[in-house]
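Two complexes, one shared chain (subunit A), two partners (subunit B, subunit C).
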Partner chain A sequence: MMATRLTFLGKISRPLRLIAYAALAILLGLIPFTADGYWVRVCTNFFMFVIMVEGVNIISGYTGYAALGNVVFFGIGAYVTAILMSTFGLDFFIALILAGIVAGAFAFGLGMPILRTKGHYFVMATIGLNELVKQVVSNLDSLTGGGKGISLPIPSMPPRINYAFFYFVMLAIAIICVFVVYRLSKSKFGYGIRCIKANEQAAGVMGINTTMYKALAWTLSAFFTGLAGGVYAYWQTFIEPPVVFDVVFAIKMFLMLLLGGQGTVLGPVIGTFVVEFLGELIWGHAADLQLGILGTLVIVVVLFVPQGLVEVTRNKTIGRIFSTRRVKEPQPVEF
Partner chain B sequence: MTLVVKDLNVAYGDTQVLWDINISVAKGEVIALVGSNGAGKTTLLRTISGLNRPKSGQISINGQDLTQATPAQRVRLGVAHVPEGRQLFAGLGVRENILIGAYLRTAGQEVRRDLDFMFETFPEVAARRNQQAGTLSGGEQQMVALARGLMSRPQVLLIDELSLGLAPVVVEKLFNLIRNVQKELGIGVLVVEQDVEMAFEMADRGYILDTGMIVKEGRGEELLGDDAIRKAYLGI
Partner chain C sequence: MLQQLVNALLLGGIYALVGVGFSLIYGVMNIINLAHGALIMLAAYTTFWVFQLYGVDPFASIVISMALFFVIGFILQKYIVNRVVGQNVLMTMVLTYGFELIAVNFALYFWHADYRAVNPTYAGTGLEIGDVVVPYIKLGILTVAIVLTSLLYLFMTRTKIGNAIQATSLNKDAAQLVGIDIQYIYSFTYGLSAALAAAAGTLIAIVYTVTPSMEGGFLGKAFVIAILGGLGNSLGAIVGGVVLALAETFGVVVFGAAYQQIVGYVIFLLVLIVRPCGLVGRRFFSEL
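And then the complex of A and B:
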């Protein structure tokens, strides 16, 4: 098959490409020290959404299970980090890793029963799950602080360093996350979950352990989403249930995913970029129109590029920047 | 006997659809399973490959009990299912679709050899190996589904509605291909088929299923002239 592979700056010769990558790295490295604090926050937010949207991409884009309530893992990650740091006095990074693991374990345990449902039943089940956990967290006052929320230790860093710290932590996790999704898309496991999306029953009789694969895909998705929640909690230093279990968050994640292109590695990055930065620009100039313009954009994309903006990069002219190289005979799986 | 189904009862909720089914498929045998719509043919195949759970009874392959096994475990033990309507992965290429059949196998060299064998056996498919599976004709899609099933190196291949939506010439060709491949690989085949005449001509033995019960079994030619067929299909 003449498969297309999306490569950033793919049509440019190799040394030039390396220079471009280096320039991008330097640019990303310089932002927190040169840009205005506001834009550093916007960028950090962008990286956070990249992590979450890639997380949704794994379970929805690749496996075909629209986990609209995936924000529950963001909330769990945030609360685990908060509790471990403020009540148990754990170091941030240890608390963060544990938050990711708890979110992942939660997805694995609940995935087994919930992933038996399909289509809109699954969507509703995940939203129900989010509401359920939100209620539990709101009422477990002794552990979570209940509806009053919970404060985290305030990092003892000067503001600029503080901004840079969260910027780089989010950036690092986002890069790892995109890389993991890239590897996943090439792996035998990735092949398996794509088959589940295409035809679950046929995948089952081909010998793919569908229950386990779905649960593992959701675990991975939840792990990254939990990490994003953990960093968010320490970044904000205060969280409360309505904020970290907000369904509007979840809808925004899906907007970004569909806009960029689900089931692709870079689609979520593109979608998040457009929504976050375009959103900020419009907000700055025409706050009233923001939602209207974004909504129109979504309709246009759904009508004309249903595969998402990633498809646009396959266009000839634009393709010079984001090019799709035609690769001969892909080896989807190495046996 | 490779595949043995013993006293199998299957129900959907309170509605029992299969009653005390006993069938067997030996190595190198082609078995036809015929019966009118709603007789339970597809349910029987789905129960053998683990998509449905039986109420009671036993399914075994080479003496090994499968009754509690998951679909994936059954593939490993040698059951391959070519489902009704082919159920290809439409978004994936032909080659990828065939390779999925070998998902559980780890010996790369052998898998590649088997893939070449499939392309030799189904040359029409080989010519389209890089296309999307959804763009193929019905007959070609059925070939992909068969090749996919064979890629797991099964002991028994279950084929549901081989002729669904296909021209009679194509079905005959597929039947001949199946006979050749099956002989060469020494596997058992259990095929559900609507074209009764062709099915019994091609098969070594056959079973007639009527409202969930096996009403007749025997050698292919014998069953062809049997009244049970008319009864099972027309109820007269």
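And then the complex of A and C:
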């Protein structure tokens, strides 16, 4: 369980690094105004997955609780935004923040009992939770529109501006999310949850309030996933239960996380980048083989790169681009 | 009311069969096999095509699909899953879901999302006892389910390989010490579980419609049944199957048809939190 700190272009001197950051910022800023609408959409999708994969990274990569059903918070975020905007006529940003808070509160409330289970039991509980919420949403016709789905007010912007708007909103949340995970990885709380992953009993003995730490980690994870869901709902202007509570979404998240590297800050970004753009190139041409390709990719990643690209590229030529520094990790206590 | 009870018991037979294979793999290898639903779906299609193209009676084709899926399961485990046994939860679950995705894509690609049904000539007939009607088909299904689970029990307790599987599930290292080939036992177990899934799939094809998307529902059911009976406890899964069937049937009576699934998942979560060893189980795994 190696914790790595990646500093983008870290080997290069400070002014050069600032120039590199500025270039990256300008590039990201220019995409929605120069690129084709299709690629703007692909990028927006990429940012959305960065948010969700970083979210799942907090609970799964750092805390060691594989929340395979984390997509439930995506669905909750999407539905809260949709209901607040269409039924109560709230402004998008207010609805979005509330969506994140509701998803987080949901995780906190349910986390207390569900996080008592471990390993396979926890994974199954999260999948069961996702199915349960999906069924409830599909049947609460008066509030959620039931199985027919729910429509959101269509943003009154020209298509070009509309694309750029969602691109920047997703980008902003993605940057905040990566930054939060980066700060988290170096904070006392971050050490606490990594300690829980290494040895939960020992963590408890050392005075870490494990239940509270786990619940808070899941809350944070749910908050970001909920935000991604909220933006997605307004972006698509129509959502229905099978789409926003889709387990395939969850599997894609975990493929990205595994490929990039669990418990690393930039791993999820790299994993998402590879899967999203590679995927776009492949299944842009073979839409009816999409699931099969995803499945094959999952098997290949689990068999051949289970520790993630960040670990694989360490000390290799590509790894030099990202200077990796080892951060001291709390060691499991032997009794 | 009596009719509901009879229906629930007949449904319980299928559910038990769905849960037994799923629990078996967990008990022996500590793997949650997310491909279980896909195996059921593919077996249902096998039954459908064998019936459609060659007119083989679905009850007779159980043997065909079980043999076929035993081989498929054995190969999958031998060449792929054996490489990740013992790794963390996430790896094995995500890997088996990879199979699931490929299987669903396969079914969608070749057979599309159409609804298909197996309709033997005796489909509508039933046995009438007073006010209660027992369809012959469901009676046949229940019989097959009981016979298969009894055979499994005999196999596990009376044969050498069955004993070896039990030994492996109790203590892998000790089993190895007494000369059991663990890799082979794992492959055999997966094959056995796939064959049981195939039997369940075949029976399901007789009473339900067959579509590529049916796997999700039955995977969910396998979860609930296995947890109710105690994860890894194959015989407990029979209890789990019957309990779920009763809960769903009476859930529909009390709350309405929309709540059939919800009742199952609520019970599932409650049991997981309050009594993770299952309704009939005892504490067995360190993970609890």
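We adopt the following convention: the second predicted complex is superposed on the first by the 292 of 335 C-alpha atoms of A that agree within 3 Å, B and C clash if a C-alpha of one lies under 4 Å from a C-alpha of the other, contacts with A are read in each partner's own complex, and residues count from 1 in each chain.
Rule of thumb we're sticking to: a contact is a pair of C-beta atoms (placed from the backbone, for glycine too) under 8 Å apart; a residue touches a chain by one contact, two chains touch by 3 or more.
Just so it is clear, the model here is predicted, and its values are computed rather than measured.
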In this superposition, the partner of subunit A with more touched residues, subunit B or subunit C, is C
Going by the contact rule set out at the top, does A:192 touch subunit B (first), subunit C (second), both, or neither?
first
Should A:204 be classified as contacting the first partner (subunit B), the second (subunit C), both, or neither?
first
Taking the stated contact definition, name every residue in subunit A that is touched by subunit B in one complex and by subunit C in the other, in rising order.
none
Which residues, counting only subunit B, touch subunit A once they are in their complex?
49-51, 70-72, 75-76, 80-81, 83, 87-93, 95-96, 99-108, 111-112, 130-132, 148, 152
Hey, which residues of subunit C end up touching subunit A in the complex?
26, 30, 32, 80, 83-84, 87-91, 93-95, 97-102, 104-106, 108-109, 216, 220, 223-224, 227, 231, 258-259, 261-262, 265-266, 268-269, 272-273, 276, 287-288
For the subunit A and subunit B complex, residues of the former touching the latter
1-2, 188, 191-192, 194-195, 198-199, 201-209, 329, 332-335
So in the complex, the part of subunit A that touches subunit C is made up of which residues?
60, 66, 68, 113-114, 116-121, 123-125, 127-129, 131-132, 135-136, 139, 247-248, 251, 254-255, 258, 288-292, 294-299, 302-303, 306
